[in-house]
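Chain nomenclature is as follows: A, B, C, D and E, assigned in order of appearance, with residue numbering initiated at 1 for each chain independently.
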Amino acid sequence: SGGSGTQNGKQVVTFANWADAEQNTQPGIEAMIKEFEKENPNITVKSLPISYTDIEHQLVLQVQSGNTPDVAELQGNYTFSLQATGALQSLDSYANGSYQQSVIPQELQLGNIDGQLVAIPWTVAPFALWYNKKVMAQAGLDPKPPATWDELLTDLAAIHQKAPKIIAFGTDSTNRTYGLDQNWPVMKSFGGVPFDGKDPSADTQAMKDYLNFMRTVASKGYTPPNKKGGFFRQPAASDQVAFTIDGPYVKGVVQSTSHVSDAQFYQTWGIAPLPSGSDGKHYSAPTDHQLVMFSKAKNKDAAWKFMQFLSTSDYAIQNYTLKYENSLPPLQTPTGEIAKELDNPISQAFKTDVIPTVIRPNWGTAYDNAYSDVMTGVQSAMTSSSSIDSIASHISSALKNDLGG
Amino acid sequence: MASITLKGVAKRYGDVDALQETDLEIDDHEFLVLVGPSGSGKTTLLRVIAGLEPLTRGELYFGGRLVNDIDVGDRDIAMVFQNYGLYPHMSVYGNLAFGLRRRKMAKRQIDAKVRDSARMLGIEHLLSRRPKQLSGGQRQRVALGRAIVRDPAVFLLDEPLSNLDAHLRVQMRTEILKVHRTVTATAVYVTHDQIEAMTMGDRIAVMSDGVVQQLGTPDELYDRPVNRFVAGFIGTPAMGFLPCARTGADDGRALKGTGVRTTLSARRAATLAGDQQQFVVGVRPEHLEPISESAAETATSVVHGVVELVEPLGSEQHVVVNVGDDMITAKLARQQRFERGEKAAFTFDEANLHVFDPESGRAFR
Amino acid sequence: MASITLKGVAKRYGDVDALQETDLEIDDHEFLVLVGPSGSGKTTLLRVIAGLEPLTRGELYFGGRLVNDIDVGDRDIAMVFQNYGLYPHMSVYGNLAFGLRRRKMAKRQIDAKVRDSARMLGIEHLLSRRPKQLSGGQRQRVALGRAIVRDPAVFLLDEPLSNLDAHLRVQMRTEILKVHRTVTATAVYVTHDQIEAMTMGDRIAVMSDGVVQQLGTPDELYDRPVNRFVAGFIGTPAMGFLPCARTGADDGRALKGTGVRTTLSARRAATLAGDQQQFVVGVRPEHLEPISESAAETATSVVHGVVELVEPLGSEQHVVVNVGDDMITAKLARQQRFERGEKAAFTFDEANLHVFDPESGRAFR
Amino acid sequence: MSVTLTPAPPTETTVEAAPPRRKWPIGRSVVIVIVALFLVWTLWPIYWMVSTSLKPAKEATNLNPTIWPHTLTGANYRELFGSSLPFGNYLVNSIVTALISAVVAVVISTLAGYSFSRGGYKLNGTTSIVVLATQMLPLVVLIGPLYLLLLKAHLLNTYLGLVIGYTSFAIPFGAWMMKGFIDGIPREIEEAARVDGYSRLGILVRVVVPMSVPGLVTTAVFVFMNTWNNLLYPLTLVTSNTKQTLPPGLQQSFSGTFKTDYGGLMAASLITSLPLIIAFFLVQRSMVRGMTAGALAGT
Amino acid sequence: MTLPALLILALVIGYPIVRAVIISFYHYPLLNPQHNFIGADNYRRLVDDPVFWQSLQNTAIYTGVSVVGAMLMGLVLALATENLQGPWRFFRGVLLTPWAVPVIVVAFLFQFMFEDTGGITNDLLLRLHIIDSAIPWLSSSQWSLAAVIIANIWSQAPFFLLIFTAALGGVPVEVTEAARIDRASTWSMIALIKLPYLRSAAVVGALLMIIQNFNNFPLIWAMTEGGPAYSSTTLVIYVYRLAFTSFNLGYASAIGVVWLVLLLMISAAFIRVLRGKTS
């Protein structure tokens, strides 16, 4: 890793990312780098592929050992962890003017930690509720997405009753920060969050309602517990999933597996904001991939140029963000080709219905210690028989321990 | 009663005829020794009797009962192996008791029997030890004990002494015979050491190439070997063999070869095939008497050659003599002094001569 | 020239005195045999000479040159081990050539030497085989070949024959002597079989408890053993020992014990400590002559007891007799017939008697 | 019923009563049944891996699994080597590191084991525990410092780095096994070589090593297996995808953030297992020998 | 020649250990650079950390059941295949194959076979009417550990088959034949004659496998990541989470140290058993 500076006269930018470590996205990111180097002959980009699961602790370790890459792809709480190490470069001086205007304000906001901009949006991908019209129809439901969790439950019941083998509901309940990210807006919509700052707030009625909901969907056999969100995409391709909470990625996987045309896809699949709870409000959380710069970076301008290129250049958006990530660009007002490509029901729905509902989970250093307490709680709610009350209190006592330390 | 009868018993391993078709009668309480060079089929024969190897052909009877299909454990035999085959993780006591326990015998009975046998072999004080902690001789005794404790009908021993050093071997020989005398079992004892065979066996079966060459008492084997192999195998130093042919003199009774000359008695001459010319004669070392070259001129039966080697043994000495291309050994009192390389002549009594057929090796008698 | 000289050489293992301080002169070209019971220090002495064990004390010379600090490989010795110690992963050829290669000898030369030695031992046809594929006797020859191929100055053999069967042993004995005669090396040969010792050694060193008890020619050891141990160890069947005491008769020359009676010659009587009363007398089996009970009454030197065991050996027989609490063996011609349990009396020539001190075991002469 | 050939003394009556007992060895039928059962237990998962790897993605993840593939396809395998995924690299990296580690470990283990065995001082209980201790170390805890160590030595993402990591923790055990094995080589043979004038090293190379082949193989296989199986090390010590070895490579590319592709995964799994299974078949005989003399005698 | 190697070795092994032990006395979150010495706090915390105890329990169960199961299986197979002749020997080879299957692959394979819906295991069990509703192998607290253990036994039984086969080879023919003559039944032949010869093999094998299972990260991590809840979380998983997702290196190291001590005691016991009887 590390080792930035110059190389035979060219400025070198090292770029730690997982896009280059994954089968699906690798060709895309390589194309990006090629194009960027073509546009900027005096800059070479060195990609450091690190898998999504390891990039956080590897970067942290690299910070510890004092040689960091220049730019890194991060997501969710990763950004906060790295910020906590104090190794990130404030971008306020770079991300101003034209760039600032061009991107969606909420999205930019997501990269702002303690009043300081340390990350810019690259690919925009909030959680939404995907629903399979075909399956719903088969179950005798009119293919209209449920607005509330209760409606969802009745739909699930119908579907499960009709086709017990089909995965009625896909939701990520793995013991990962990503798992908590996905469940955060759900909890929120039930009116609670597991903790706030350093204080546990898991032992509340709202949280219990949420846990009860999770128990229902698991015990009724609507969803298999302890599965990654990604797990549901494959079966979704063969219409074996009715509803699933996921980012925009579903489309890409489904099409690559079952080779259906866009039209066919839009006929089968639709998205809606996550259902609402008691207060009727909808929430979502970002799975956006963000870009950060390390303060040790030698060629900051070059680094920024690259970041900007990935984030907002037409080329990057068309040939990577849309094509490989199946995510949305962070653009305020897309134009031309991009606008055309975004002119489809799914993208529209994301832009207009989902992005506005995005909130940020209580990310921060505490999150790394807390996620496991919460998610194991969720998993026991889904898989064990101990009472929800005890689980809830269990979570919050565990949290007290970890948030404190 | 446990006589053992083999009727046309044979054993093949793959394409090796380890044991040719064999008929054998072993009387009850007899101590039979199987002797022969390595690879002659001794162990095979023993294992067939034991039932450790299924026999390829023939019938095996124990006291009139056919046992071909009876399992080892039920043949009421005991066996002593060359490397003892003791149970290393059991005490000596355990080793002796094992067989009895398997026979669901009462604890008290077992204990009594074990201690008896132990006393008989003088290993009482070792009962609590492990085989590892015993000397070769002691292990040997334990192995014997394990065999006799069940007072079996048949008692099989495969070179039980060959791992012991010379002195111990002599001592154990006597002990085994004592044991056999006390336990009334039929014993078959395998060895390749013919001294052991001669000193221990009531009868001896000399084997070679999977065939029992001769079965008889030690004296029979020694005095009247049926063929050249037996003659050469039994007796140390071994009998010397010299080829010779009829001269025609003494109406065909005179035989002559390089360095050897004799005239057969009428009795023996009669046993020879009338037309046969070529023979091999054999003389045992102790039947050779040194005589002066001059005396050799006149004597009827003479061997002369050049001394190759002199082996003093204190009480006596063995003188190895080159006769033509052959070697012959004389066993002499110490007084006569021989030097390597000098000429030597011996005479012998025609009665002590053995005559064999050069091809078949069969002895004429 | 390679005489071997030990000056006060001793070897301790931890707290075991495997070899007590020893002085020894082995002449050039001599064939010296080390004989003794197990654990007597034979191997230790040999290994010290070889240089495989550093000696604890003393000085070791090869032909006048101090070799204490010279490494095994440079002492120009060859060794034959009890289990041959052949290189299992090399062909016979490889085994023979291995030592020569080390000495940077030319391929052609090596080949020549290897084939010579192989021819000499009659193992040419085996050169391409692996040790696993050889019989015991053949392995033995290879081991010898590996030793002689380098024609070393000193030739060390540790019980090379003890793994072979009786017949092979006798045969190899002769071969080894032949080899020794052709290669002009000084040989030290370890065995615990005294027959081997007697028949092979120019001189024999009898060891026990890490001490060389007596060094001498076979005849010396046999006729004039310096102590009871040597007397009992050399000769088969072993010399019989009987305790007895002065009766006072014949001015103190008459000795008597249970079942034994004799009168010493004036010459020998002189060698005894005047005041000593108790002795142990020893008689060799071949010196006992059976006599009738009546004749026993009158004879001067008599042994009588009860026959315990009769071992026929073809040419002769061994009769074991219980005399008081002791046993004594007589080696007799076959003619005399003895039965187990019957009474037997023997006479002997006082000249063949051995007299020992009961405590020290020292022989009087 | 049992045969008693001597006129039975009273004590022997019990023997007469004793029922005839089954013949040794175990009845053929029992053996066959047992072996058959375990063959199924052993082979079924492997069959499942094979058959899945031959199914198209949709069938592979079908919720009603098909025991015999309906449609056979080599797509999953073509994917492996055809696609952008550097599966080839994974394979090569794994093989290279595993082989090098095995060799290095064996060489050093042999030297160490030899001096253990012949150096006079013998391994007593405590030493063998200490040796074992190196196997017990919670690598998870040590991996962090190790990462920094290699980082400082600029050995991350290098074969050397991995090999060092792999072998260090394998050698003590290897030495322990080799010691056990070399103990089994009769001293006489070495002494013969000494008499023939060879140096300790000469003896080691020309006599001891050739005679310890089974031991070497066994040790090598052990190291190779552990290396080949190791997930933690490459996960941490290798950050570059192209330098990655199979286990993390597989995990990251098939259960990555995007999807779980069992068809491809099984294809990859098979390719990953095949070399070992084959290699293993070849060496198992000497493994048995090596075990006997090494691991078992080693204590 | 050996020396340099051993030195590197000492460094590579030694440095991390020392480092870990030291760290275990610090509050050592990777994220913020300043770490403060807190004495035995990490160890004290460990005492009333339910997760630690559960992981410990899981580790014990996982290790114990796996080793015992695999050992019995290996033993039966070794005895059953002992007398296989000629071509039949091939089957022993086959029975050994799982050992050659990389652990990570075993993990994926069994994860796949144990899927609740669409997993072949449930599918078959249902088809054969052995069960009437799908077993949530990996997705229930009751079953997850069991599922992992099954996979583990599958992959480790061959190891025992191997060493027991080796050990059986060491039983002298004379001894078994003597036993046959002594009328040993099949059972007493195995129990009284052969097993004693397998003792040291069993002890050594068990010890090695216990150690390996303590450290067995890939299998569980790839199959369940220790979930659901903590139901299949063993020490190694817990420590990994603490160290690499919660960055609480101090506490992780403390557990690591405890774990080392634990294993040391176990193997000390084993080795005593071994020497106790063999010598």
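For this structure, a couple of remarks:
Throughout what follows, a contact is a pair of C-beta atoms (placed from the backbone, for glycine too) under 8 Å apart; a residue touches a chain by one contact, two chains touch by 3 or more.
Model, not experiment: these values are computed from the prediction.
Farthest from subunit C, judged by the mean position of CA atoms in each chain, is A.
Ranking B-E and D-E by contacting C-beta pairs places D-E first. Geometrically, the chain at the heart of the complex, using CA-atom means, is D. Remark: subunit A and subunit C have CA centroids separated by 93 Å (rounded to whole angstrom).
Taking each chain's centre as the mean of its C-alpha atoms, subunit D lies 14 Å from subunit E. Measuring from the averaged C-alpha position of subunit C to that of subunit D gives a distance of 54 Å.
Within subunit B, the positions touching two or more other chains are listed as 71, 73-74, 103. Annotation for subunit D: residues touching 2 or more other chains are 18, 21, 61-64, 144, 251, 255, 262.
For subunit A, residues touching at least two other chains, in rising order: 54, 61, 64, 165, 167, 235.
Those residues of subunit D that touch subunit C in the shared complex are 186, 188-189, 191-199, 202, 206-207, 210-211. The touching residues of subunit A, counted against subunit D in their complex, run 1, 18, 20-27, 30, 48-54, 58, 61-62, 64-65, 67, 165-167, 228, 230-231, 233-235, 237-238, 240, 249, 252-253, 257-258. Across the complex, subunit E meets subunit D through its residues 1-2, 5-6, 8-9, 11-13, 15-17, 19-20, 73, 76-77, 79-84, 91-105, 108-110, 112-113, 117-120, 123, 154, 162-163, 165-167, 169-170, 176, 180, 183-186, 189, 200-201, 203-205, 207-208, 211-212, 214-215, 217-218, 221-222, 235-236, 239-240, 243, 249, 252-253, 255-257, 259-260, 263-264, 267-268, 271-272, 274-275, 278. Residues 50, 52, 72-74, 77-79, 81-89, 98-99, 102-103, 146, 150 of subunit C are the ones touching subunit D in the complex. Of all residues in subunit A, only 54, 56-57, 60-61, 64, 81, 84-86, 165, 167, 173-177, 218, 224-227, 235, 365, 368-369, 371-372, 376-377, 379-380, 382-384, 398, 401-402, 405 touch subunit E in the complex they form.
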